[in-house]
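In this document, chain identifiers A, B, C and D correspond to the written order of the chains, with residue numbering beginning at 1 in each.
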Amino acid sequence: MRISQIVRIRTESPTVKTFMLTDRLCAKAKPGQFLMLWIPGVDEIPLSVLDAGDNLVSVSVKAVGDATRHLHALEAGATVGVRGPFGNCFTESRGRVLLVGGGTGTAPLLFLAKQLAAKTERLSFVEGAKTKDELLFVHELGGICNEKSLITTTEDGTAGLQCLVTQPLASLLDKEKFDMIYTCGPEIMVKKIFEMTEKRKLPIEASLERLMRCGIGLCGSCMIGKYRVCRDGPVFNAAQLREVQEELGISKLGFDGSRIPL
Amino acid sequence: MRISQIVRIRTESPTVKTFMLTDRLCAKAKPGQFLMLWIPGVDEIPLSVLDAGDNLVSVSVKAVGDATRHLHALEAGATVGVRGPFGNCFTESRGRVLLVGGGTGTAPLLFLAKQLAAKTERLSFVEGAKTKDELLFVHELGGICNEKSLITTTEDGTAGLQCLVTQPLASLLDKEKFDMIYTCGPEIMVKKIFEMTEKRKLPIEASLERLMRCGIGLCGSCMIGKYRVCRDGPVFNAAQLREVQEELGISKLGFDGSRIPL
Amino acid sequence: MNGEFSLESNPLSISFAGLTLANPTILASGILGYSAESLNRVAKGGAGAVVTKSVGIAPRAGYSNPTVVQAESGLINAMGLPNPGIEVYSEEIRFSKTVLRVPVIASVFGYSAEEYAVVAKRAVEAGADAVELNVSCPHVKQTGAEIGQSPKFLSEVVQTVKAAISKPLIVKLSPNVADITVLARAAVEAGADALTAVNTLKAMAIDAETMRPILSNVRGGLSGAAVKPVALRCVYDIHEALGDVPVVGCGGVANWRDAVEFFLAGASAVQIGTAVAENTEVFQAVTKGVETYLRRKHYGSVKEIVGLAHRK
Amino acid sequence: MNGEFSLESNPLSISFAGLTLANPTILASGILGYSAESLNRVAKGGAGAVVTKSVGIAPRAGYSNPTVVQAESGLINAMGLPNPGIEVYSEEIRFSKTVLRVPVIASVFGYSAEEYAVVAKRAVEAGADAVELNVSCPHVKQTGAEIGQSPKFLSEVVQTVKAAISKPLIVKLSPNVADITVLARAAVEAGADALTAVNTLKAMAIDAETMRPILSNVRGGLSGAAVKPVALRCVYDIHEALGDVPVVGCGGVANWRDAVEFFLAGASAVQIGTAVAENTEVFQAVTKGVETYLRRKHYGSVKEIVGLAHRK
């Protein structure tokens, strides 16, 4: 456990804040990797790296429960603990790539997009949220993608298309040829996207979430099939997703190790 | 503890054998350093490095008691344990140097002489023993020093001058000017030589022996004054020898930590 | 998979307490042990047998995070025995038996002799090849004292479980005792067929900056390389005191040399936990190394070197 | 040397059991502790007090080599309590008192309460500022059990020594017990003014090539970074159970952060052993680091942070 300081906090949406932390090791994280953040006296939770460099690392956190709410209540200068970076990362693809993010799942994809921007032939991004306020990083993504290649969707139609993020995908996948699809977000969304790429025999890399305790591949809390999400993942490719299809978007291990529906 | 193989054994005298061992770390030892040799099931004893290089290290051992006799009984191929190299080393002096060795104390000085040979202006060596058979490394030393600069003494006159090693020293020190005197051997001898160099205000480095257990400066078995022979020594300079004059050649700590006369 | 005959002639195969293993490496309890798939992965990584996560009578969510913290050459963990309860876990054991080709040892815990017995019985009914008792839990009726620290409680638990099951019974001892041979003897006299030595050392970590204990449970168990010298001594102590009782060494095994040290101390097999984080195929690597060692030393079987460090 | 007044206002000064130290770092017993000169060297390296090598009633040569073997992040030693006996050692203590400007704590061992008392009395007569009982020796009348593992024997030893001396009495506890608070309580109830926690963990090393235990005594004590998590837990346990009893933390302290962790766990001071090998001035470095820490955290004194990890 390394002790780290929160040096900056940015409000991204009514429920999401970005925290910039000092940490020499996590500052070397690659897109897709995550860290374990200790909120002293409260909990330790996994968070995807949003950005890294210069001895700093950023994470975007949605307040959903006890730990994340406590984290939102912290101010710059507060002390937290950090372990990581953990897990594998997205592979770099150089051709035409499509990124599909839902909710805070957009965070690692923004990190990835920044890295791929200069290297790929074309980079398209589809982002979905419930409502306009929750569409994260639209400004940053606008700076990376050109207008045509950034599609946003909201369930209530307050911004972009009024639909689920999966809806514009079908036609996009049929119309254009992609060399790689990257996705991260709610597992039901990931599952649907995977079904779409499978039907079209397209390569995909999806970042998954499971309950994390040790973060280092030991305790088994984060298993999906035979894989440890913390160590073998969190990024899985099409072949691996096929192997875990029985659980993908369907069930996960709960705190007591029993399988619970997603 | 690293496990090592005895690869070669050479008989140096009726009571001294040289053992060449495999050990990557001790192969990097410098003249003056020692190692701890474990004779499995018997004992672990400190021994000065006689030579080192090419992943090999050599020590010359006089059979004086249980451990050394067991060691002498081993054959090439036998397995021993090694820790080290420990301690400091002789400093390199470039001008005119004099080395004075008694008994197996000649071993580290031979190692030093080999290193200094090409670098010094003049290298003189005085070696003493009880009898001809016990004069060690005469051949090797002859190859390093020219005839005039190698003086040997024996107590029974079977080789070289019939006297103690200290006898030819007095005139040598008065006749020639030395930039550094190095010595190793029985402590009574070291003490006498130190008195001679002190009288003449000459620099000296002497390697001392004390009871060694940990070898790493922890247990205190090897203290002389405030110094740990295993860590601050075994090589001490004139200023340090002055500080320990009350014990030098007079007393040491025994196995039970009490002071015993030398 | 090798048949019985080839297992017998296999220099790495070992038998103890009625179990026959193709090699002497075993997955330690609590490591990747929730699901049949993960146990199977470890088996494919070369383990000669697997021990499940410790399971109790009712579901337990365990402690909240942090549950694991790094120590010098080791880890401290306080998971709090998360487990779905034997009811649910029986299914996992049953499923494990259909996919795994190595013995499945069910790790069982409880807060009374009766609880242990109920869970052990259910585990065996579900197909477990053996039961390992995790006796590092406090005894409910006698708050504070852990069952594994009291010869009396331990004996009671072992006897009750032994009477309830027909499969081999292994007792996993705690190193947090004054004299492990007293507990070892109590377990064996009460009917244990083998002993595992040892569980983790009671430890903790404090963070100087926030001035707090790091683990949510404050105290946890130290594992990994740091505990190997203690675990080795425990195995040596037991072998010296109890001779032929099969002992499974556990604590800090990460390579073949560690495993050999445990065999020499008196272990018939070793369990591997912490080192699995680095490499789920550590079992294969250890087994290979042990095989090379045996060949180099001209031993025909791992059995021949068990306890050799006791030779005078 | 600072007078009493400046010691009081010195943020690093601590008082416990009637001793006042200019800083809270103490040389642990058995480290460079044979001679007054070596104790003085350590004092000059910044130690706030020094503990002598453990001394008994008669001279002991100790075990033959190997007496020390490296472990992962630590050392295992089995010196066998070499010491010249209190008769001879009294001279060393007397001499120490003429050269050292820090308190000299005499470590004492024995095989019966009477032996402990005789040695402790002689040590105090020779000038020792306090006595620390090393209770990790087997009780002669009750072979096998160590005095420090039995509340009954421990209590008897402490009472007997307490009655024999007028100086502060510190009891150094063994971590090789099921519940260290039971022993801590027994020691305090019998009259101990402070506790040192802890001595080494019982351990061993085996060499795979020669197939033998490495230490000539087979078993030894594990010290250094590897044991810190266990030592920290012991101090925490004792502070939780016994509140105000002063505890001296010992086990794996190598830098200021380790020391702070022990203070937060409940230690009033720390002893340093193994880390002295690397640097005899480790005391200075630790003290400096603690001072900086206190300033940064706005604490006026090291006393203020003792036990803070127990805050809810």
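In the analysis below, a contact is a pair of C-beta atoms (placed from the backbone, for glycine too) under 8 Å apart; a residue touches a chain by one contact, two chains touch by 3 or more.
In this text, all values refer to a predicted model and were calculated from it rather than measured experimentally.
Peer 1: Quick one: how many steps at least from chain C to chain D, stepping chain to touching chain?
Peer 2: Graph distance in the chain contact network comes out at 1.
Peer 1: Looking at the contacts, which chains touch chain A and chain B alike?
Peer 2: none
Peer 1: By CA centroid distance, what chain is farthest from chain A?
Peer 2: Chain B.
Peer 1: Centroid of chain A to centroid of chain C, CA atoms only: how many Å?
Peer 2: For chain A versus chain C, the centre distance works out to 37 Å.
Peer 1: Report, in whole Å, the distance between the mean C-alpha point of chain A and the mean C-alpha point of chain D.
Peer 2: 51
Peer 1: Show the residues in chain C shared as contacts by 2 or more other chains, in ascending order.
Peer 2: 205, 207, 212
Peer 1: Note the residues in chain A that touch 2 or more other chains, in rising order.
Peer 2: Not one residue of chain A touches more than one other chain, so the list is empty.
Peer 1: How are the chains arranged in terms of who touches whom: line, ring, star, complete or other?
Peer 2: Shape = line; chains linked end to end, path left open.
Peer 1: Taking all chains into account, which pairs touch?
Peer 2: A-C, B-D, C-D
Peer 1: Note which residues of chain A are touching chain C in the complex, please.
Peer 2: Result: residues 1, 3, 36, 38, 40-41, 43-45, 79, 81, 83, 212-221, 223, 225-226, 228, 231, 253-258 of chain A touch chain C.
Peer 1: In the complex of these two chains, what residues of chain C are touching chain D?
Peer 2: Listed in rising order, the residues of chain C that touch chain D are 71-74, 76, 144-146, 149, 176-179, 201-208, 211-213, 218-219, 222, 225-230, 232-233, 236, 252, 257, 260-261, 264-265, 293, 305, 308-309, 311.
Peer 1: Where on chain C does chain A make contact in their complex?
Peer 2: Interface residues on chain C, with respect to chain A: 30-35, 37-38, 40-41, 53, 59-62, 64-70, 75, 77, 79, 82-85, 88-89, 205, 207, 209-210, 212, 214, 216, 273-274, 276-277, 280.
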